[in-house]
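Submitted below is the structure of interest, expressed as structure tokens.
Letters A, B, C and D mark the chains in the order given here, with residues in each chain numbered from 1 onward.
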Amino acid sequence: MLHFDSDYMAGAHPAIIERLAATNLEMTPGYGTDSYTENACALLSDATGNHLSSIYLLIGGTQTNSTVIGALLRGPEAVIAPDTGHIFVHEAGAIEATGHKVLTIPSDKGKITAAQIEQYMKDFNADDTWEHMAIPAMVYISFPTEFGTLYSLRELEAIADTCRRFSLKLYLDGARLAYGLASEWCDVTIKDLGRLCDAFYVGGTKAGTLFGEAVVIKHPDYAPHFFTHIKRSGALLAKGRLLGLQFETMFASGFKLFLECGRTGVERALALRAAFEAKGFQPAIDSPTNQQFFTLPNAVIDKIAKSATFEYWGPRGKESSTVRFVTSWATKEEDIASLAKVIPIA
Amino acid sequence: MLHFDSDYMAGAHPAIIERLAATNLEMTPGYGTDSYTENACALLSDATGNHLSSIYLLIGGTQTNSTVIGALLRGPEAVIAPDTGHIFVHEAGAIEATGHKVLTIPSDKGKITAAQIEQYMKDFNADDTWEHMAIPAMVYISFPTEFGTLYSLRELEAIADTCRRFSLKLYLDGARLAYGLASEWCDVTIKDLGRLCDAFYVGGTKAGTLFGEAVVIKHPDYAPHFFTHIKRSGALLAKGRLLGLQFETMFASGFKLFLECGRTGVERALALRAAFEAKGFQPAIDSPTNQQFFTLPNAVIDKIAKSATFEYWGPRGKESSTVRFVTSWATKEEDIASLAKVIPIA
Amino acid sequence: MLHFDSDYMAGAHPAIIERLAATNLEMTPGYGTDSYTENACALLSDATGNHLSSIYLLIGGTQTNSTVIGALLRGPEAVIAPDTGHIFVHEAGAIEATGHKVLTIPSDKGKITAAQIEQYMKDFNADDTWEHMAIPAMVYISFPTEFGTLYSLRELEAIADTCRRFSLKLYLDGARLAYGLASEWCDVTIKDLGRLCDAFYVGGTKAGTLFGEAVVIKHPDYAPHFFTHIKRSGALLAKGRLLGLQFETMFASGFKLFLECGRTGVERALALRAAFEAKGFQPAIDSPTNQQFFTLPNAVIDKIAKSATFEYWGPRGKESSTVRFVTSWATKEEDIASLAKVIPIA
Amino acid sequence: MLHFDSDYMAGAHPAIIERLAATNLEMTPGYGTDSYTENACALLSDATGNHLSSIYLLIGGTQTNSTVIGALLRGPEAVIAPDTGHIFVHEAGAIEATGHKVLTIPSDKGKITAAQIEQYMKDFNADDTWEHMAIPAMVYISFPTEFGTLYSLRELEAIADTCRRFSLKLYLDGARLAYGLASEWCDVTIKDLGRLCDAFYVGGTKAGTLFGEAVVIKHPDYAPHFFTHIKRSGALLAKGRLLGLQFETMFASGFKLFLECGRTGVERALALRAAFEAKGFQPAIDSPTNQQFFTLPNAVIDKIAKSATFEYWGPRGKESSTVRFVTSWATKEEDIASLAKVIPIA
């Protein structure tokens, strides 16, 4: 059986497993005070070009979102997200559990625009009852989005500029950042993120580590006592060096392994897309990254499902349905070839 | 200047002020353990026809909503509300501050239907990722709604039935209940609410008390330690007898004063509507209660604004805008007559 | 029956009831945007001598504590309180409900010292594991304390100085402030509180209003969006002018009525104490304010209980127990005389 | 340098690293829906003898404590802990962050007794103001405690019985359970814990896994929607099979590896203790598990510190200080021998 359900089905890139094994019996102090973590953070700090930033290694994506958003917002402040954003749809109310409302802007294939944010804030400010409403204080976007799409540098700069003008912090969810940065269509760099975002994270879990998300906060004052806040959020790993070692491996030599993992995932995704196109099926969304969506006749879906696993995107329709295929650093060329063989002709 | 901004601009019905003054120097125990409170609760308990219910007197509407919803929901459970619901729009994230997400269903003039709730739950249950989403466990509706509209008994029964079938608690916000029950178009009684709702409140603040909202919870098990929860929510009034005395006055003799206040407000609202219609302006919403909405040319609005205060409903438009006029128990016949004089002909 | 259970058993000072009645049918805008509130806040602002402070009128004590503390603390920050402090013992976990830990210092008759705070912080800072502990960021004290005792100006200045040195905000619970300021033994003024405290409140409920606590926050930056935070906390009164009018009445003419209420309560308390002393019973605590504590033989307690209500302070002992008698602005001279008659000779 | 700072300084038992490497490129579904997790849970379920229990694999200890306690408590309910309990001292307010107060009972070397709990509850119930206080609804204990001590089966049964009589849920923190169960002085089994505790967890992190804590909840009704609650708490591992595989390895063949790891740690600890005793230093606490405490002259401490790392237990004293040495499954016989050589004679 072939697997395209998600980008976290395999373990870690073998290079990581090797280093875990090699260093296993070393004794290091806990909670991220080890030298692996120090190195990993320094590598990321260098990459962002901002040596004042605070860098912390957390374990998972939802955890990172609620820990960071909970730290940066105060009392009645709220975060604006695309209505398809992970924090709004698929985090079980984790942000609200920290006491903060998630406000939404309708997204186009996962993306929102600077103009939408500006309009939202103008409407809010023009509302006589604004003081009775949760105060928008942050914008959350995903890169790539939940639909595999990317913001261009120009779009991101416009969003960042709008955020600054309306005193909104900009937070970018980089759970799949590897597959964004590695895409040919991407003109954004980590340095850009460091410059434009008040906070963002570099996802490890989907990119080839066993787990781990590396958070960058632009300035320590944004989240006072953030280490203790991580502890309080249940997000502090006792054997923190496991995170350090994995990200050090990923980030060494100019993010070599991280980008390589990203490139593999994207290449496989484009090959997968080509395989569908070759059979006459156009993608439902023009995604340049490792998630590919197709609206297919149910009969086609059922046929492919005999050989491969993947997810429905929304409910199964009467005649046709939209499905998602996800590749990753662990997808092999022959997986795509095998899949291509079981896709019937349109 | 005439005032139609809201239904809480005056103090209390004179009968209440009189009793407050007459009993002012009495010494009673605190926190609602006095006999006034006991009487008020017994009167409401009788009216609901459910002597197992728990009745508590709180101070304000947002406070009541967050205290009750926070008590009835657990952990990842969420409340479904119309997207125009007060808890979603105008409570500054008070529900989210208790850790719970507010999910929304698009409303039609403030109302949602049993069919919409059913569809929402079917979609939720059919979603493969439902366990990663906040769990819908309650439905919130307002009666009358934020647009002055009412649910019929049949609609309410259908909603209650759907809630039961999907294990959703039904909670009804009765901030303006007086103006609902007193409307000719209303076929719902307090006994119906006691039968159909898992929790609801009878609003005092807008109906003629200085403040106060009387909460009915169908069964004590729904909210264990609710008294202590009220205290913890900062919602416990030290001189609780002030609430008891006001509601006792309102509820005595079969809710006589409560319904009288409601009737006055509705009569004035209908007279106000007639005054607009007489000048050729049709209401924007067909509201049978104490809130009336009109979309008027800005010139008309500006002219009326010289003699009366009222609220814009949404932003001011380029040529015309929607405005809201609210009456109450304290609106006098001559106020409407005076207003009628300043409404220009369409 | 005589009543000495608490200082919130009667309604309000008659001057307040009179003004409530006289202004009852006025129409004012809601939520504290009325001119009564504006006046009350200006009077208090003047008294503190700090025109940059933010002043807000809330409803009750527990509500005020959790709303203010919740606004001033962030994430993992905690508040240090005497172990007898109201927020630690008798607020049903309201502070914890906002997500913040209450740390404690052993109190001496309700009071803690600057030296204790300094030692606490030195120990905390010297603890290698401090980053894994809630971060002390505020000190809470009551004035008068829960035992009726007072801090001297010198003690308060030392505490404020220690707080400043350790970056702790100083918050003072003035639920019974009237009975403190009016005591002969008090050398602290409202201006001192405005100078020394980062936040404090002037209690109305126990001092002669129906309800209400007036909060002073030294600088608006300490609690951004505080109005919205009040709303979110369920602490915003719709008919806010009720609070404004009561405090305006209290604070007019240099806090005339407020201090008069305080003085009456203290005079009655000292007369009550003298009545006990005359019968040979010494107070358990040397309290210069309106709460008086006595450890009495159970037989004496039982005898007095036939004519008066009061509270046990802790559990009833085998032979003797400690009880508390509370006076207020509403206690009459003849109440003390009547009580004196039923106190047996020791 | 020798390391005795904590029991989480090394990676994982080599058997775990081997299996991680061997299974690394397998593709499994996420979030604990894989067969490794299923097996691990079944093994633990068998061991507890309660097939109705809910078993979930979480990542870390503080996370587990706040997730479980937050799920089992409602609104104003609080948890009673020893005043030395990890949740009270060293979790940065994580429990309070879920809205619940931690109440304390003075511990004797980490332990509390059934009699203390009974007295606490009797005092609470006898307090006239109990409804204004957080409601004790759970007891938290650690096994072994933070001081290395153990409850006997008889003590545990008495505590469980007292909890049942006062409607308190009993929750046991088993972060170091391996070192408890493997101690000769322990007469408690996992089956006993399954019988006596309403919830407990079996610690992996300190016992030889890379990370992971296995939670047992006696009945699913205690924590409705617990999976979603885990997600909301940021405690759900995407690659859940990593937890499953580690605990399956630990629990296979009757907890063979788990107990072996425990035994190694305890043996080394007793050897370490003997080494100190041989030099004339008695332990400060009679601990039968993997933590050993000594009060030593500072000169002795400084000498040992040249060759070994360990922690101060409390602040360094003027002449002598208390220090803690922790062993684990990863401590080697020669580590103890090397340490013995650098301990001076008393």
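Here is the rule we go by: a contact is a pair of C-beta atoms (placed from the backbone, for glycine too) under 8 Å apart; a residue touches a chain by one contact, two chains touch by 3 or more.
Please read all numbers here as calculations on a predicted model, not as lab measurements.
Novice: Looking at A-D and C-D, which pair shares more C-beta contacts?
Specialist: A-D
Novice: Report the chain whose mean Cα position is at the greatest distance from that of chain C.
Specialist: Computed centres place A farthest from chain C.
Novice: Between chain A and chain D, tell me the centre distance in angstrom, where each centre is the average of that chain's C-alpha atoms.
Specialist: One centre to the other, that is 34 Å.
Novice: Distance from the CA centroid of chain B to that of chain D, rounded to the nearest Å?
Specialist: From the centre of chain B to the centre of chain D is 49 Å.
Novice: In angstrom, rounded to a whole number, how far apart do the mean CA points of chain C and chain D lie?
Specialist: Using C-alpha averages as centres, the distance is 42 Å.
Novice: Of all the residues in chain A, which ones touch at least 2 other chains?
Specialist: Where chain A meets two or more other chains at a single residue, that happens at 76, 91-93, 97, 99, 132-134, 228-229, 231-232.
Novice: Residue numbers of chain D touching chain A in their complex, please.
Specialist: Within the complex, chain D contacts chain A at residues 3, 5-6, 8-12, 14, 17, 20-21, 23-30, 59-64, 66-67, 91-94, 97, 205-206, 210-211, 228-229, 231-239, 242, 330.
Novice: Provide the residue numbers of chain C that touch chain D in the complex, in ascending order.
Specialist: Residue positions touching the partner: 76, 78, 89-93, 96-97, 99-102, 123, 126-129, 132-135, 311-312, 315.
Novice: So in the complex, which bits of chain A are touching chain C?
Specialist: Touch residues, chain A against chain C: 31, 70-71, 74-77, 99, 131-135, 223-225, 227-229, 231-232.
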